[in-house]
Amino acid sequence: MINKILAIAKQNAKEGLYYRFDLLLYIFNFIIEITVYVFIWLAIYNKGNQILGMTFEQVTTYYILVVSLNPIISWGINETMGNAIREGEILRELLNPISYFNYYFGIRIGELIESIIVGIITFIICALLFGVLLPSSLLNFIFFIIVISLSVVVVYFFELIIGTSAFYTNSIWGVEVFKRAILSIFSGMIAPISLFPEFLQKIANTLPFKDCIYTPISIYFGELNNIEIIQVILKQFIWILILYIIAKILFNKAVKSVTVNGG
Amino acid sequence: MIRNIKLYFSFLVASLKRMMEYRVDCLVGMVSQIAFQIIELVFIWIIFQHTDNIAGWNFEQLLLLYGIMMLSISITDLLFDSTYDIGKRLIRKGKFDTILLRPVHPLISVLGESETSTALGYMILSIVLIVSMLIKLHISITVLLIIKILYFGILGGFIIGGIQTIFSIAGFWTYKSNEVVWSVFQLHKLAEYPIEIYNRFIRILITIILPFAFASYYPAVDYLEIEQNYIIYIVPLITIIIWIIAVSVWNWALKKYRSTGN
Amino acid sequence: MAIIEVKNLVKKYKISEKENGILGYIKHLFHPKYKEQIAVNNISFNIEKGELVGYIGENGAGKSTTIKMLTGLLTPTSGQVVVNGIVPNEKRILNNKQIGAVFGQKTQLWWDLPVIESFKLIKKMYEIPDEDYKNNLKKFTKILDLKDLLDKQVKNLSLGQKMRCEIAATFLHNPKVVYLDEPTIGLDILVKENIRKFIKDINKEQHTTVILTTHDLKDIEEVCDRIILIDKGTIIYDGEKEVFKNKYGKHIIAEFIIQNKNSNITVETIEEEFEIIEENETSIKIKFNHERLTIIDIVKSISKYCEILDMHIQEEGLEEILKEIYRGELIND
C-alpha cells in the first residue's frame, strides 16, 4: 500500500516540478508577503518598541518560517479533488485498485515534495535578505519536523472534508477560500498567536490548526519543554483520528448519493 | 470605441447573469473574501495592540488607507478580473479562436468575461471602512469628498486593472499565466500601507514601475490633508498611460499569437 | 469575381527544440534553437460565391492551418488570401463581420447562459438589424428544431443540441462565407442530416459560401459540390464532387468472424470488384464495391468455404481512400 502511495506521489511531484516556472513565481509571491510584514514590523521596532518579549529578529524569523511553511500546510488536494468530482472523474478514481483516501494521500505527498522545495528555497532567500535565527537546538529542530509532518496529515483529512463539498456545489473555489481563511488565522499565519487577544487565542487553542504553524515555530524557538511537545504530538494523533472518522462518514455519504443518482 | 464600450458592458452583464447561476458559490465567495480581508484587519489590529502608530499613521488612518485600496481593488475585480487566467481558461482550450473571430477587439471580449463575486465583498468592506474611519477621524463627508473618493476609486481600479492586463499577455505563452498575473497583482499589498515604511527600492517599485500607490496612498494623503499634494492630479494621466501600454502590449501579443498559431 | 482568392499561400512554423533538464531549459532561454516546418506549401485556389466546398485531408495535412489563415486567425508566412475583397489578417474585425465559423467542439455560445441570451449578444456584436434577426431566428428555429432549446443553458444541452444551436449562431448574421470545421463530429445520424439540410437550405436561399472540413465523407457527399484535397501541405485534388465520389468512395469493408474454414477463399469465384484484405483461420476482411455487389452476395460466396459467426460492416472511410490515393492506386489525370 505504501508503495502504491509513493508511486502516485512520485508521479504527481514530477508533473508539478515540470512547471518550474510556477515554483519561482510562488517563491516570488512569498517574498512579497514577507516584505510587507518585515517592513511593517520594522517601522514599529524602529521606535524602540518591544513587543511581548519578541525581538525584531524573532518576529522576522517567525514570518519567514510562516511563509516557508505556508505551502506545506495550505497547498493541498482540494483543487484536484474538486475538479475530479465535478468532471465525473470520481467514478474512475473509485475504481482504482487503491482506496480513494490513499490515492489522494499519494497526490498530497506529491504536492508536499513540491511545497517543501518551494519552502526551503523561500527560506534560504529570505534568510539571506532579512536574516534569521537558527533553531534553538537540534532536538527541537527534530521535534519541529515531526510536528509539521503530523500537521500535514491533519490538514489532509481537513482537506478531504472540504473537498467532499464539491459533490454538492458546482465550484469548490468558495469553500476553498473559506478553508484558507480559517487556516491562516487560527494556525498563526497572520501573527504569533501569543499576540492575539484573549478570545481569539481561546478559539485557536480548541482548533487543531495552531499546531500546524504556531506550535512548531515555538518549538523552533525553544519555547516549549519536552513534555509539552509530547502532549502536542499526542493531541495531533487524536485530531487525526477524529478528522479521519468525520471525513470517512461524509465521503461515504456523498459517494452513495453519486452512485444512486448516477452522477 | 463607443461600440466597443457598449459591447463590453453587454458581455459584462452576461457574465453577471452567469454568476447568478451559481448563487451559493457566489455568496460563499463574497463572504470568504470579506473573511480574508478581516484576517488582514485583524493583523493590523493586533499590531496596534502593541503600538500607537506606524510611520506616523494611526490605526484609523491606516484603516482608511486600507479601505481606499479595497475600493480600487473591488473596481479592478469587477471590471478586469478575467484577464488573469486567459492562458488556462481560453488559450489552452482553444476557446480564444472563437473570441478572435468575433467582430470586436479580443481584449473587449476577454475583459467582458469578468465575473467575480469577490468584488462585492471588497466593495462592501471598503465602504464600511472608509465611512467609519472618516467619521472617526472627524473628516466631514461632503459631496465633493464622496465624488473624489468614487473618482479616485474608479481610476485606481483602472490602474490596477491596467497593470494586470499588461501582464496577462503571459497567457499567450504559458498556460499558467494566472500565476504571473497573480504575482504582480499581489504587489498591491505593498500599497495597502503607507509608503514611508519602505526603503527606496520598494517606493520606486510601487510608485513608478508599477504605480499601485496611486490607487491608495496618494488619494488617502489627499483626503487626510496630511500635506498639500499635487501628485494626485496626475492620477488620470497615469491611468491613461497604463491603458495605452496595456492595449499596445495586447495588440503586439495578438500579432505574435497569430503568426505562430497555437 | 471569386469570393475567396488564395494565391501561393505558405505557412511555415518554427518549432523550438528544447533540451531536457533544467540546464537545457536555461540554455534554450538564451540560445533558442528552432526547426522549420512547412504546414502549407504554396497552395492556390479560387472559390466563387455560393459554392459549397469540402476541404479534406488527413490530420496534419494542413487543413486547419489553411482554415485558420482564411479566417485571419493565423498570419501567412507568404502568399495572399482575399475574402470578399478583404485581407483577413489585416482587417480582422471587418472580416469577422462577414464570416461565420464553427470549430469542432469549441463553442461560441456562452456556456452558462440560456441559448437565446447568446443569440442576443451575437445580435449586438454583429449589429444584426431587428428584422433580419427576427426572420433568421424564426427560420432557424424551425429548420433546426430549436424551439425547446432556446431557454436552456448551453451546458445542459447534449452534443447534438449544442451543435444545432452553434450552427444557428454561426448563420445568424447572414455571413457571406462560413467555415465549418468538423461540424458533425460525434453526432448521431439524425442530427447530422438535420445540419446538412440546414446548410444546403441556407446556401440555396442566401448564396452563402461554405467551406467544410470533415472526416465524414457523407457530409461531403450530401452537402458539397466541390472538393479540395490537401496532403502534406499541397493540394492534390481540386474538382467536382461527383468525380471524386465515383472514383474514390465506392467501397465497403466487411469483416467476418469465421470458423471451420475448409479451404482458402478464392477471388475468382466472384467478380473482380472484390478484394481480400486480411485472411486467417478465424477472420476475414473483405473490401468490395457496393455499387456492384451486395453484402448478401459476399455472405453467400464466403459461406461456401466456412461458417460465419459474426460480421461487422463499415464504409470505406476517408482515411482508406486517402491511403489508396497516396499508394498511387487512384491517381487519375
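A, B and C are the chain letters, set down in written order, and residue numbers restart from 1 in every chain.
The rule is short, and it goes like this: a residue touches a chain if its C-beta (ideal position, glycine included) is under 8 Å from a C-beta of that chain, and two chains touch if they have at least 3 such contacts.
Keep in mind that this is a model prediction, so the values were computed, not measured.
Novice: Looking across all chain pairs, point out the one with the most C-beta pairs in contact.
Specialist: A-B
Novice: Per-chain C-alpha centres versus the global one: which chain is nearest?
Specialist: Per-chain C-alpha centroids ranked by distance to the global centroid put B first.
Novice: Taking the mean of the C-alpha atoms as each chain's centre, how many Å separate subunit B from subunit C?
Specialist: Taking the mean C-alpha position of each chain, the two centres sit 45 Å apart.
Novice: In whole angstrom, how far does the Cα centroid of subunit A sit from the Cα centroid of subunit C?
Specialist: 50
Novice: Between subunit A and subunit B, what's the gap in Å when you average each chain's C-alpha atoms?
Specialist: Distance between chain centres, rounded to whole Å: 28 Å.
Novice: In subunit A, what residues contact two or more other chains?
Specialist: none
Novice: Indicate the residues of subunit B shared as contacts by at least two other chains.
Specialist: 22
Novice: How about subunit B: which of its residues touch subunit A in the complex?
Specialist: For subunit B paired with subunit A, touching residues are 22, 24-29, 31-33, 35-36, 39-40, 42-43, 46-47, 49-51, 54-55, 117, 174, 176, 179-180, 182-183, 186-187, 189-190, 192-193, 196-199, 202.
Novice: Can you check the complex and tell me which residues of subunit B touch subunit C?
Specialist: So the residues of subunit B touching subunit C come out as 6-7, 10-11, 14, 17-18, 21-22, 93-95, 97-98, 100-105, 255, 258-261.
Novice: Contact residues on subunit A for subunit B in the complex?
Specialist: Counting only subunit A, the residues touching subunit B are 19, 21-22, 25-26, 28-29, 32-33, 35-36, 39-44, 47, 49, 51-52, 169-171, 173-175, 177-178, 180-181, 184-185, 190-191, 195-197, 200.
Novice: Please name which positions on subunit C make contact with subunit B in the complex.
Specialist: By the definition above, subunit C touches subunit B via 13-14, 65, 68, 71-75, 89, 92-94, 96-97, 99, 101, 103, 106-108, 110-113, 117, 121, 124-126, 153.
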